[in-house]
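So the structure is just underneath, and the comments pick up after that.
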Amino acid sequence: MLNKRIFDYKNDENIELFVLIKSAETRIAKNGKQFIAFNFSDQSGVISAKFWDASKEAIATFTPGKVVYLKGKRELYQNNPQIKIFKLRLAKESEPQDPALFVQKAPEKRAEIEAELNRYLFEITNPTWNRIVRALLKEYQKEFFTFPAAKSNHHAYAGGLAFHTLSILRLAKALGTQYPQLDTSLLYAGAILHDLGKVLELSGPVATSYTLAGNLLGHIVLIDEEIVKTCERLGLATESEDALLLRHMIISHHGLLEYGSPVRPHLVEAEVLHQLDNLDASLQMLDKSLEHTAPGEFTERIFGMDGRNFYRPNEK
Amino acid sequence: MLNKRIFDYKNDENIELFVLIKSAETRIAKNGKQFIAFNFSDQSGVISAKFWDASKEAIATFTPGKVVYLKGKRELYQNNPQIKIFKLRLAKESEPQDPALFVQKAPEKRAEIEAELNRYLFEITNPTWNRIVRALLKEYQKEFFTFPAAKSNHHAYAGGLAFHTLSILRLAKALGTQYPQLDTSLLYAGAILHDLGKVLELSGPVATSYTLAGNLLGHIVLIDEEIVKTCERLGLATESEDALLLRHMIISHHGLLEYGSPVRPHLVEAEVLHQLDNLDASLQMLDKSLEHTAPGEFTERIFGMDGRNFYRPNEK
Amino acid sequence: MLNKRIFDYKNDENIELFVLIKSAETRIAKNGKQFIAFNFSDQSGVISAKFWDASKEAIATFTPGKVVYLKGKRELYQNNPQIKIFKLRLAKESEPQDPALFVQKAPEKRAEIEAELNRYLFEITNPTWNRIVRALLKEYQKEFFTFPAAKSNHHAYAGGLAFHTLSILRLAKALGTQYPQLDTSLLYAGAILHDLGKVLELSGPVATSYTLAGNLLGHIVLIDEEIVKTCERLGLATESEDALLLRHMIISHHGLLEYGSPVRPHLVEAEVLHQLDNLDASLQMLDKSLEHTAPGEFTERIFGMDGRNFYRPNEK
Amino acid sequence: MLNKRIFDYKNDENIELFVLIKSAETRIAKNGKQFIAFNFSDQSGVISAKFWDASKEAIATFTPGKVVYLKGKRELYQNNPQIKIFKLRLAKESEPQDPALFVQKAPEKRAEIEAELNRYLFEITNPTWNRIVRALLKEYQKEFFTFPAAKSNHHAYAGGLAFHTLSILRLAKALGTQYPQLDTSLLYAGAILHDLGKVLELSGPVATSYTLAGNLLGHIVLIDEEIVKTCERLGLATESEDALLLRHMIISHHGLLEYGSPVRPHLVEAEVLHQLDNLDASLQMLDKSLEHTAPGEFTERIFGMDGRNFYRPNEK
Amino acid sequence: MLNKRIFDYKNDENIELFVLIKSAETRIAKNGKQFIAFNFSDQSGVISAKFWDASKEAIATFTPGKVVYLKGKRELYQNNPQIKIFKLRLAKESEPQDPALFVQKAPEKRAEIEAELNRYLFEITNPTWNRIVRALLKEYQKEFFTFPAAKSNHHAYAGGLAFHTLSILRLAKALGTQYPQLDTSLLYAGAILHDLGKVLELSGPVATSYTLAGNLLGHIVLIDEEIVKTCERLGLATESEDALLLRHMIISHHGLLEYGSPVRPHLVEAEVLHQLDNLDASLQMLDKSLEHTAPGEFTERIFGMDGRNFYRPNEK
Amino acid sequence: MLNKRIFDYKNDENIELFVLIKSAETRIAKNGKQFIAFNFSDQSGVISAKFWDASKEAIATFTPGKVVYLKGKRELYQNNPQIKIFKLRLAKESEPQDPALFVQKAPEKRAEIEAELNRYLFEITNPTWNRIVRALLKEYQKEFFTFPAAKSNHHAYAGGLAFHTLSILRLAKALGTQYPQLDTSLLYAGAILHDLGKVLELSGPVATSYTLAGNLLGHIVLIDEEIVKTCERLGLATESEDALLLRHMIISHHGLLEYGSPVRPHLVEAEVLHQLDNLDASLQMLDKSLEHTAPGEFTERIFGMDGRNFYRPNEK
C-alpha cells in the first residue's frame, strides 16, 4: 500500500504513504487554537492538509523539507482535493528520508534536456547572439537547470525553467520549418534567454520567493542587465543592431505592456516568441490540472487561464 | 520592362506594367470633380491609385475585373506606397487579358493543398467527427478551395481559406508530436471546420462583401447550423459528447467573448486551436507587410496587429 | 405560531415552523468537525442555516427535498439573514410533508400564465415565426412552464422562465402601442424563444445545475440549434429573411459580445428585446431584495446589479 | 415638384425644392479656395451639401436661418446622403420664407404634449415632489417646450426635450401598471425633471451650443442647483428624505459614473428612470435613421448606438 | 511597561497597556459560539484583536468608547499585526479613562492648524470666493476641525479633514511660487472647500458611517448645494463666472468621471487641485503604512494605492 | 511690423514676419497637385501653413532649417490657428538668418539652469547615487542641456529636457520640506536621471525622431543600461540596495505598466517622482495651450490631457 502515490488514490479513499512537507504555515483557527496548513508533495503532485490543534512540539517538528509518514483520507474541499490527517510522524531511519525522492520533476531527464539544448546552441549561427547566449548559459548553468519557471502557475518545479525553455525551442524549430522567413537564430537565442532573469528574480528551486531585485526590477530588466554586462565583457557593442534585436526579443516577450514588457513586440520573431511562450505555458497548466481530474469532469478554475475550468472528455 | 511586377519596383521609380483592377470607387474630390480610387493588383500584391478628374467614359471603362496597361510612378503617401497614374488604358487583344494572371494566390498549388488536406482526413479516427467533416467538405468543396480567409487582413486572397486551414493543420501536427496528450483527431476536425462558415458569411472570392446571413448571424453560428443539419442528415445525435466537443471547438475558436465566440474554450484542444489560428494569422499578416518593406525600415502600422509597426532587420 | 413563514419573522426573533430543505452541503469546520450548510425554503423565500457538529445520522437524514420541523432564531450574519438552529427533525406523518407547499412560485398561476401566453401567439401574424414558435413551445411545453429563468439571480424559481417571458411580452405590448414602427410579431416571437434554450442549458427546476451542453455551447447556441431543426422539420428555409431575422433576435439578445451574444443587435426589435429583458430582470431582482429589507434600510449588495445596494424609502 | 421634401427623393434623383439653411461653415478646400459646408433642413430631416469655390458674396448671403431655393441632385457620399448643388438662391418674396416651416418638429403638437404632461402632474401625489416639479416647470416653461433634448443624437429638434420627457412618462405609466411596487409619483417627478437642466446647459433650440455653465458644471449639477433653490424658496428642507430621493433620481439618471452621474442609482425608481431614458433615446435614434434607409438595406453606423448599423427588413 | 503604546511593541512580544475600544463587532465563530472582533486604538495607531467565546456580559461590557486594560501578545496574522488577548477588563477609576487620550491625532495642533488656515483666507483676494469660503468655514467650523478626511484610507482620524486641507494649501503655495500663471486665490478657495462636503456625507469623527444624504448624493453634490445656498444668502449670482469657476473646482476634483466627478477638470487650477489632493492622500497613506513596517521589509498591500505594497529601505 | 511674432497676431489679421521652417512635408492634394505642409516657428511658438501647387523649385528651396520672409494671414482651421500664405521667400543676407533666433527656448537661461542643477547635486548625500548621477550627467552633458523632453506634447523645445528636470527638482525640494520622511537624496537622483534616456531614444533637438534603439528598447531600458554600465566602470555593485533603489526610481517612473514602466512604484520616493513628473508635464502643456487662447475661450483639445479642452477665465 505504501507504494501508491498521492494522486494514485481517489477521493474518499483512505491513504497511507510517505510524503515530503513542501510548506507548513502555522495559523490561528477560528476557535483560537493553532493549526498547521501543510502542502505535502510526492512525485505525483502537491496536495494540502490541515493539522488541527497543533502543539508547540508539532509545530517545531513538522517543518518544510522533512519526509513524513502520513495516514489519512483523501477528501474534496471546495472542489479541490485535500488530505484529512489521521496520523502524522517523521519518517524513521529505516524508511525513505531523501526529500529528492518526493519532488515533482521535469518529465524528461536533466542530462537529456541539457544535451538537446546544446544542439540548439549550434544552430544560433549569428556570432553575436551565439556568444552572448553561451556566456550567460555558462554563468548561470546551475540555476538554469534547477530553477522552476515560475513561483506557481506553470512549470513550478525544479528544472521547470530549462524544460519550459526546451519546449519553446522545439516549437520554434517546427515553426522555422513551416515559415522559412523566420530567423531561427534569433528565435532560438531569444527563447533561451527569455526567462533566464528568473534565476535572479526568484530565490531558488525550494520555498521559492521573490528577491529584492526581483520585486524592485523584475526578471525582464534583470536579464537585460546581464546581457549588457556580457556585451561589455565580450567587447560587443550594445548599440549594434544585433544586440538591439536580441534585447528587444527579451524585453518584449510578455507581449503587452500590462504584463510588464516595457515595449510590445516589433519584430516578427519577438511576436512569435511571445505566442509560443503563452502556448507552452497554457499547455503545461492545463496538463497539470487535467491529470488530477476524472474523465467526464471539469477541472477546478485555473487562475492562469483567466479562471476558466476545462473539461476532460470521457475516454472512448 | 513589362516583366516587372508592382512590388518589384521601388518608391519614386517610373513603372510600366499590366495590372488588374481589383476595385474602383468613384468619389467626389474636394474641388467638386469626380475621381476614381483604384486598387490595382498583380501576383506581387495590391496597391492603390487615384485617377483625378475622371470623365463619365473613364468611370464606365475602368471597372473591377478589367486588365489594364498602366504607366506611372510609384510613390509614398502617408507611409504607404501608391501609384501616380500617367497613362491608363484597357489591355488590347494581343496583350495579357486573363484576370486570373493578376491575382495573388496561395503560395502553394491548389492540387497539392487539396491532397495534403485529404491526408489529414484519414487521421481523424473518431468516426463521428470524420463523417461530419467529410460531409461538409464535400458540400462546400468548391467554396472552401476558392474563398479567402477574410475580407481583408490575413489570407485575403482566392484560396486563402484552404491555405490558412492547411497551415493550422501542419502546426497542429507538430504540436501533437510534442504534446502527446492532445487529441489530434479533434484538433484536425476543429481546424478544418473552424472558418468554413466564411463560405456563407462572405459573398465570394472577388469583390468580397458580407451576406445578410453573415451580418445577422456571423460565420460561427452559420457553421454550427451546418454541423447540426449534417448530424440530422447522417443520423448523428447532436447531443452526444462527440458532437458537443466538435461544436465547442468551432464556436469557441475566437478565444474571447469580445471577439464573437459565445463561449470561451473549455477544452485543451479548443484553446490550442484558438492559439494556432492566431499564430498563423499573425504570421501571414506580418509576412505580407514585411515583404513590401525595405531592410532597415519599419512597416506601416498593421491594423490586425493592434496598430503596431514591425521592423525588418538589415540583411547580414 | 406555525402559520408564520420565514420572512414573516424579524431578525432576532425566535422562530418555529416547517420548511423544505432546498440544499444541504456537508463541509468541514475550522475545528475539524463536519457541519451541514442548509438552504431552507418556504413560499416566502430562501434562508441559510448552519448545523454544527453534524453526526453521520444527521447528514444521512437531512437531505434536499425533505420537509422538516425547525425551531431556532432568525439572525443577521454579515448583513444577510440566517437561522440559528435550536431544534431540527423530520416532519411527522400528521404534519405537512408535501415539498410543493414550501416552494416559491411565480406570482401568478400557471394556468393564467399559459392562457395569456397563448393569446400572444395569435398576435404573431407572420406565418414562419408563428409556426416555429408554436412547434418549439409544444416540444418543450412542460419544461417551459416549470423551469426557472436562471440558476440564481432573477426568476430563480419553478415557473420563473415562463413568468419572465410573459413579463417581457407585456412590456413589448405596451411598447408596440407607444412606438407603432415596431414589428410586434417579431418582438413577441423573439421574446417567447429568447431564453427557451435554458431548458437545455439547465438540469431542471430543482437543484439546478448546468448540463454538459449548457457548459460547452450555452443556451443561445442551443436554442438556435432547435430553431434550425424545427425549420428543417417544417420545411422552412433557414436562409430566408424571416428565419434570419428571428434567429438574429435570439442570438443577439444579450446585447453585448462580452455577455455571450455572438453578434450585437442590428434590428430595432432585437435592441428592444435586449433592453426589455434587462429591465424585467432588474425589477425582479430588486423586488426580491427590497421585500426582505426594512423601510429606511439598504438591501445587501446585489451581485446581478453590479454589486450595488438599494435603498427602501420610509413609508409615508 | 416643389411639393416634395428632401427625403421624399431617392439617391441619384434630381431635386428642386425650398430648404432652410440650418448651418453654414466656411472652410478652405485642398485647392486653397473657400467652400461652404451646408446643412439644409426641411420637415423631413437634415442633409449636408458642399458649395465649392464660394465667393465673398455667397458666403455673406447664404447664412443660417435663410430659406433658399435649391436645385441639385441627391447623392451618396461615404454611405451618407448629400446634395450636389446645381443652383442656389434666396427665396423670393412670393415664395415660402418662414423658417418655422422648414424645421423638424416633435411628431405631436405642442398643445397636446402640454396637456398630456399636465395630466401627469396631477398624478404626482407627494406634495413635496409636486410643488418642486410645478415650480420648475413654471419657471422654465418656455424653454422646456422649445428646446431640443440634445445637441445632436436623439430628439435634436425644437420641442424634442418635452417630447422625450412625455415618451418616458408614458413608458413609466405602463410600467407602473405592470409593476405595482413602483412609486409612480417619484418616477413621474424624476422623469419630468431629469433633463430639464439642458435648458441651462444648451444655448437654445437653434444653432445649439453649450453655455459656459454647461461646459463647467453640466446639466445634472445645474438642475440639482435649481431644485435646491426651489426648496429654499418654497421653504422645503433639502435634507428631508423626500428631497433627497428626488435629487437622487435626477443626479443618478445617467446610470454609470462614466456617463457623468456622480452616483449610480440606488433606488428602484432611479434604475427604472435610467433604463427608460435609454430605451426612448435608442428608439428615437433608430427611428430617425431607419426612416432614411431603404428596405433591405442597413443604416449608416449610428454614433449614439456604439457605431452599430441597423437592418431595415424588406416589407412583407 | 504601561507607558509603551501599541506600535512601540514588536511582533511576538507580550504587551500590557491601556487602549480605547474603537469598534467592537459581535460575530458567530465557525464553532457556533460568539466572539468579539475588536479594533483597539491609542495614539500610535489602530490594531485588531479577537475575543473568543464571548459571554453575554463581555459583549455588554466591552463596547466602543470604553478604555480598557489589555494584556496579551502582539502577533502577525496574514501579514497584518493583531493582538492575542490574555486578559481584558475595564479601566478602573484610578486608571486613565479619558477616550481622548487614546485617539490618533493630526500631527499638528488644532490651534496652529486653524491659525495657518486663517492666513490662507487672507490670500484669497477675489471677494466672491473669499466671502463664500468664509461663510462656509464659519457655518461648519466645528465639524471641519474635528472630522476625518475619509472613513478609512487616508487621514482617517479626528481632525484629519482640516490637516489634509492644510497640507494641500501648503503644496498649492509652493506651486504658486514655481508656476506664477496659477491663480492662487482660486486654488486656495477650491482647496479649502474641496472635501468640506464630507461633514455632511459622514456621520462624525467617531464610529464614522455614511449618512443617507451621503449615500444618495455624495459629498461633491452636497458641498455644491452649500455653495449655491451661500450665494443665495449673500446675494451672489450663482451664474457669474466667479461662482462657476469655484463650483467647477470642487465638482471636478476627483479628476475622472469614474471617481464620481460629474465633469473632469477644465481649468488649470482644477487639474492642479486634483493632482495635489492625490499626492497628499498618497503620502499620508504610505506614511501610515511605512511607520508600522520594519526597515528592509515591504508593507502590507495598500488598498488605496491599487493594492501595491511598498518597500522600506534599510537605514544607512 | 516685422517686430511682431507669430502669436502676437490675432486670428484674421494680416501678418508679415520672419520665421524658421521647422518642418516641411510634401504631399499630394486631392486635385492631384503637390503642396507643402509647413510648420513655421519663432520664439512665440509653432504654427502650421499649407503651400498649394508647389513647384519643384519651391519644394527644393523651402526646407527645414531655413529662415524665410512670410506674408499672409492668420486664420482658424478646425479650431487651430494656421497661416494662409500670400508670399514666401528666403531671408536675404541683410535680413535675420540665424535659425537659433527663431526657436522656442526654455523660459530660463541655460547657464542659470545648469548652475541651479549643480546645487542639487551637492544635496545628493548618498555617495553611490551621487557618483552615478555625476558620471552620467558628465557623459551626456551636452545632450542633456539641448534635447527636448519629448518629441511633441510637453517641453518639446531645445533645452526642454533640462528645464523639465529642474522643475521637478524644485517641486521635490518643496515636498522634502513639507514631508520630512522623504529621502530627498534619492528623489533628486531619480529626478535627474528619470528622462535622461531620451538623449538615446530621440535623434536630437531638431527634426526630432526616434532612434532604432528608442523604438526597440525605449528610454527607460536605455537609461537603465547606462546606470548598469556606470556601476561597472565605477566599481559599484548593481545588486546593492542603493543601486536597486535608484534603478527602481527610474524604471517605475511612468507609474503604470500600460505607460511602459516594467514595474509600478514600490517606494514612496518613486511614487512621488511619478506624480511630480505628471504634474510638471501637465502644467507645461496647459501653459503652452492657454498662452495661445483668448480670455473667455477654451483651448483646442489637448492630446496629452486625454483630449480635454481647458477654459481661460476672463481677466478680472
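Quick notes on this structure:
Letters are used for the chains, namely A, B, C, D, E and F, taken in the order the chains are written, and counting of residues starts over at 1 for each.
Simple rule for what comes next: a contact is a pair of C-beta atoms (placed from the backbone, for glycine too) under 8 Å apart; a residue touches a chain by one contact, two chains touch by 3 or more.
Every value quoted in this text rests on a predicted model; they were computed, and no experiment measured them.
Among the remaining chains, those touching subunit B as well as subunit E are A, C, D, F.
Among the remaining chains, those touching subunit B and also subunit F are A, D. Interface note: subunit A and subunit C, two copies of one sequence, contact each other through mostly non-matching residue numbers (shared numbers fall below half of all numbers used). Residue-numbered contact pairs of B-F overlap by over half with those of D-F, the repeat interface among D-F, A-F or C-D.
In this assembly, the C-alpha centroid of subunit B lies 45 Å from the C-alpha centroid of subunit C.
Between subunit E and subunit F, the centres computed from C-alpha atoms are 39 Å apart.
Residue positions of subunit F touching 2 or more other chains, listed in rising order: 29-31, 212, 215-216, 241, 245, 266-267, 298, 311.
Listed by chain label, the pairs that touch are A-B, A-C, A-E, A-F, B-C, B-D, B-F, C-D, C-E, D-E, D-F, E-F.
Interface residues of subunit B, counted against subunit D in their complex, comprise 27-32, 212, 215-216. The residues of subunit F lying in touch with subunit D in their complex are 29-31, 33, 35, 50, 52-53, 75, 77, 84, 298, 311. Those residues of subunit D lying in contact with subunit E across their complex are 212-213, 215-218, 220-221, 224-225, 228-229, 232, 238-239, 241, 244-245, 247-248, 251, 257-263, 266-267.
Subunit B makes touch with subunit A in their complex at residues 126, 167, 170-171, 174-175, 178-179, 181, 183, 241, 245, 264-268, 271-272, 275, 278-279, 282-283, 286-287, 290, 298, 305-306, 308-311, 313-314, 316.
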